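Structure incoming, see below.
Per-chain numbering from 1; labels A, B, C and D assigned in written order.
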Amino acid sequence: MIVGARQGTMTRLRRLVSVSMAREFSTFLIPGPDIARAHGLDIAAAGIQLSASPRHASALLVIGAVPPAMLKAAVVVYAQMMRPRAIFVLGAEDISPLPSADIATGLSQQDLIEGMHQLRTLFAEGAFRPDMSDFDAPVLQTRIEYTCPMHPEVVQSEPGSCPKCGMTLMPRQAQATTGHNHTNHKEVDATANEQTVSSHDHKHHHSMAHDAPTKYTCPMHPEVVQSEPGSCPKCGMTLVPREALATQTHELADMDHGSMDHGAMAFMSMIDVTQDLPRSIDGLPMEWIEVPFGPFFPGLPGGLLLMLTLDGDTVAASDAHTLIENNDFPSGEPMDIASFAEHLTGMDPLVPVSYRLLACRALENAAQVDVFADIARARIGAQERERIASHLGWLALFGRQTGFDWLMRRAASLQLKVQNADFQQVVALRPEITVLMKRLHWTPLLKSRTVGIGRLVSDAKLRGPVARASGICEDARSKDKIYEMLGFTSAVGQGGDAFSRLHVRLEEIFHSLALIEAAGAIALPVPATIGNESGKGEAVVESPRGMARLELTLENGRVSAAQLDTPSTHHLTLIDQLTEQQELADALLAVGSLDLSPWEIQQ
Amino acid sequence: MSAQMFFIGFFGLAAVWFGIVVFRTFSMVRSALALLFSQTALGAMFLSMQAEFLGVLQIMMMATEMSIMAIFMVMFMMDPGGLGEMDMTHQKRLSLIAGLVSFVGAVAVAVFADWGPAASVVPDAAQQTVDLGLELLGRSMLIFETAGITILTAMIAATAVAIQSVTRSNEHGH
Amino acid sequence: MTSVLILLLLALGAYLVAVLEAWIASGHLSLATPMLAGIALLGRESIVPRKPDRIFFEVGPVLLLISALLAAVVVPLTPNLIITDLATGALFINAALVYVLVALLMAGWGPDGAYAMVGGWRFLGQLIAYAMLIVMPITAVAMRAESLLTTQIVVSQAGLWNIVYQPVGFALFFVAAMALAFLPPFDLPTATGELAGGVEAEYSGVRLAVLRLGRLVLIITLAAATVVFYLGGWQGPWLPPWAWSALKILAVTATMLLAGRAMPRIREADLLAWCWKLGIPLALLNIFLVGVLVLVFP
Amino acid sequence: MSSLDQYGLLLGLAVGAVGFVLSLYAIARSLGKVRREPGKDVPATGGQLSRDPVWVRYHAHYYGYALLFLAFDMEMAYMYPWAVVYKQVGMVALLDMGVFLAILFLGLLYGWSQGALRRQ
């Protein structure tokens, strides 16, 4: 029996259906494949197909600890899945408000495979069950509120008439939980034109408290004048307030026609109708819609929510943020060193090593402890291995976004091989990686797909590969003397577009291989033994996404304060300029090419 | 024969009905596609009259043309989804009269015009296409070329009206 | 009777396409997969989104299936293994396939969802790009065959297949056919990474099953059409005609399916620009060359 | 088989396809009906409930191409009959269509020069 089963008793036909459902299984990943790989789960090897839309998924896979905001979004996804639907949780304790998991296991490939097997048997037996209840959650609730089409500032919970103009108020759906956000001052019902008012021209709404019109008239028969709203005796058309008709201000174009005086709109000239619609770049008056991409969008890193205002298939405005609230450090009582290091390691599952290293360096710097050269070298080995894995992971995402199936699978499997490999194994992987690179070099359409997209001029915000792709040669590693010993050269590209970012990353993969071979060892950084030292310390680490900086204060052996600065936080602010007036696919590619990590973004 | 008449009538009615739907719906896209299917029904009528090339051509071309009309309607009409249920028709009386007059006119032409002797036997479909081709390259060559000129004029006119000059466009990207 | 046989063959073909697709996608061959997937879809809920254009939403998938099916009607597998040999066959294929566009527009507009709508209108742009490259090469083929009869077209290639006689036309037609079947890299309307399924996104359960079935039939039909127009249809030494048709069709299908995986999705702007600035001139050139060839070597 | 029978067959196929689909729907229906639950029927956007309708004035940026396409679509009406009799008529046909296509191509070039062949 699964929680999200369909209603009905098991007949022979339903049995057959259930069995084939169990065999053909597609799942929706929370937060996403990138996290799955980061936890070392090989989705493809477990025989799991990913589905792009919740509609096509029969199971929800929740992987690792998921922050509450993300769970809220997961609830929406679950609600939009078709029954029978199951929930499979790996390594997360509490998943409320989602219903209880059908399968909950640990976080390992073995668990994944066994869990999938159990899930299939569950489906075969319990896809249909006689007793069941609807799924509901606060997020999904809506309340109906009533508003006046001419005076949107008039909003009340009961139906009635507008105190200003006496018009009957119209119902609209609004999310029960959230307050007055951009979604709920747009009509969901009758008046589509309401949404010509996209979030940037609220002022229209609120500047519209003018005196109530006294007389009502028919747009086609001006001789018809009465004091009550109603319909024209001659043509049956809805009467409009005379004042509104006389002064054809934006209320008319923007607000009225959708709701009350359709006749007037059909009658008015196009200029009047469209004068206040947002203008597209070619001067055409169009209506814009706000479309959410994410937080679980196939082409974007899981957890990143991208709100695009679309003008047709072109992005007019954008707003991006992460669903992972990043509480830097438990302010208040100091943390002991080990748990501090652990905290930073766990912060971003995509790049644990880099932040672990960052913590160690900062601590050692605060305590003026030096680490031996061979340890430092082994740490570099670990960090460069992570860089390779991270870049491969980005390639996989890039492949998924652009429908480049081969790349997606190849890069993903390579990442899984690299990220926990020991020194010999990494070195042994060089030929495979080389093959991948060669293949990419000869891929048709790849250049035309990426050149000129998401172009960035050099800018203080740029970090890591993104910066280097724009010709800025800033790299924390170039200052490090051990890196110098290992013969490090930073990869710099020109052009600053998605294409050169791709190439910088590919080049870096090779550099990192060389560095690992030079370093000759791989060992995870562990904080050096520090006594009851006190002092301030800071450190920078060139994480795969760019330079991360940590400043901390040590008070007799415990971390009392710390402050972190991460690359993705800066890159997030670039999205506006990257996506503006780009075709949807290009905009998404541009965002993807930044390789944001929602986990390290601080808001 | 009777079956033929039936289908002619059937598709005729279908065409008319879709034609009515064009005006009875609030949604721009719907009315555009209704027109499309009305045209398709006309094509089917041609088929049942054994004018194969004409019919298939009608069915093919109208689909694309009307779809493109649909996108232009969605671009330029208010509330293309018809969610506001706003009535797009106006000047009802006038249009009603105009419609009636033209209908009567059409019927009159159909009835009173001298259509010459009806063809005793329909040439087979392949032959029709060949005849059409020979006609185009023979007697009607001038018409054919004129059509070319007309299309050219249409293209130039459309471009001149709708497209803003390249110079302004260069500022904004690809 | 032949009609029924061909419909069965068509179903078989569609099934093989599904098997191939699954094989290419997952890497391991399983003959049962598509059937299981189909049955599973029957058993899942099939929802209609709130406030949709109900008619469009329902008609879309069915229309896709019908148009693909009707296009298959005039495709000969052997001289007499053809449902009906329309006198305007070559034109009729276009006529039927144009309704793929109508179907996708309906499926896109119907659910009142952003991803689907963008996908639907995207495909209209895609049609504007590929349509001429379907029509013009076929004209050149008809010039050589002196007929629109598909059987006649095959016969006309007895001496030399059109792929050799008019390679440019073949190249253009092949690409356009892939665009018409919205196969990768031309899967703009259903792009996974950009629209999370696009026109397919809101369909679920049995409706999705019909939509996907329609697409499979479309693919196999287009492969068959390519074979008829350019690869000499059933002609070939040693083997019986039906075997040749089958082999060629499967080969073309496999090529179409494999091509997409090796490259990223094309940009719509590029597709349009290339088709109009390069494709159409080439197509016209092709017509001219064929015209000369036909006159020089009658 | 007379051409009328052929068309009948086409119609029959179309109707048959509809029948097939309906029977599929019937089977699916027999397995149970859709359960109405909150949020389920809102178009899926990967984790956000976007309840706003999206049916608005949609900006198709390829309208420049669309206009030219209409013209080219027209021209196909002439191409097919021409192609069929081409060999039979010979040189005249080549010249005739050559002129016709040349005229069209002029239109294409004009549109191109005016920037119709790009995203608007």
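Just so we're on the same page, a contact is a pair of C-beta atoms (placed from the backbone, for glycine too) under 8 Å apart; a residue touches a chain by one contact, two chains touch by 3 or more.
Since the structure is predicted, the reported quantities are computational estimates derived from the model, not experimental observations.
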Quiz prompt | Smallest count of steps, each to a touching chain, taking chain B to chain D | solution = 1
Quiz prompt | A-C compared against A-B, more contacting pairs | solution = A-C
Quiz item: Whole-Å distance, chain A centre to chain D centre, using C-alpha means?
Solution: 35
Quiz item: Using CA atom averages as chain centres, what separation in Å is found between chain A and chain B?
Solution: 46
Self-check item: Chain centre separation (chain B, chain C; CA means) in Å
Solution: 26
Practice problem: Scan chain C for residues touching two or more other chains and write them down. | Solution: 42-43, 45-47, 51, 86-88, 91, 109, 112, 114-115, 121, 124, 128, 131, 147-148, 196, 201-202, 205, 268-269
Practice problem: Check each residue of chain A and list the ones that touch at least two other chains. | Solution: 6, 14, 17, 53, 55, 83, 189, 192-193, 282, 284, 286, 289, 291, 297-298, 312-313, 583
Quiz item: Which positions in chain B touch two or more other chains at once?
Solution: 27, 52-53, 57, 60, 64, 68, 71, 74-76, 78-79, 81, 83, 124-125, 129, 164, 169, 174
Exercise. Answer with line, ring, star, complete or other to describe the graph linking chains that touch.
Key: complete
Exercise. In the complex, go through chain D and note every residue touching chain C.
Key: 1, 3, 6, 9-10, 13-14, 17-18, 21, 24-25, 27-28, 31-32, 34-35, 40-46, 50, 53-55, 58, 60, 62, 65-66, 68-69, 72-73, 76, 79-80, 83-88, 90-91, 93-94, 97-98, 101, 105, 108, 112, 117-119
Quiz item: Hey, which residues of chain C end up touching chain D in the complex?
Solution: 3, 42-43, 45-51, 61-62, 65-66, 69-70, 73, 83-84, 86-88, 90-91, 109, 111-117, 121, 124-125, 128-129, 131-132, 135-136, 139-140, 142-143, 146-148, 196, 201-202, 205-206, 209-210, 268-269, 272-273, 276-277, 280-281, 284, 287-288, 291-292, 294-295, 298
Quiz item: Touching chain D in the complex: which residues of chain B?
Solution: 3-4, 7, 27, 47-48, 50, 52-53, 57, 60-61, 64-65, 68, 71-72, 74-83, 124-125, 129-130, 132-134, 136-137, 141, 144-145, 147-149, 151-152, 154-156, 158-160, 162-166, 169, 174
Self-check item: In the complex, chain C residues that touch chain B
Solution: 51, 53, 55-56, 86-88, 91-92, 94-95, 98-99, 101-102, 105-106, 109, 112, 121, 124, 127-128, 131, 147-149, 269
Quiz item: Which residues of chain D touch chain B in their complex?
Solution: 3-4, 7-8, 11, 53, 55-60, 63-64, 66-71, 73-78, 80-86, 88-89, 92-93, 96, 99-100, 103-104, 106-108, 110-111, 113-116, 118-120
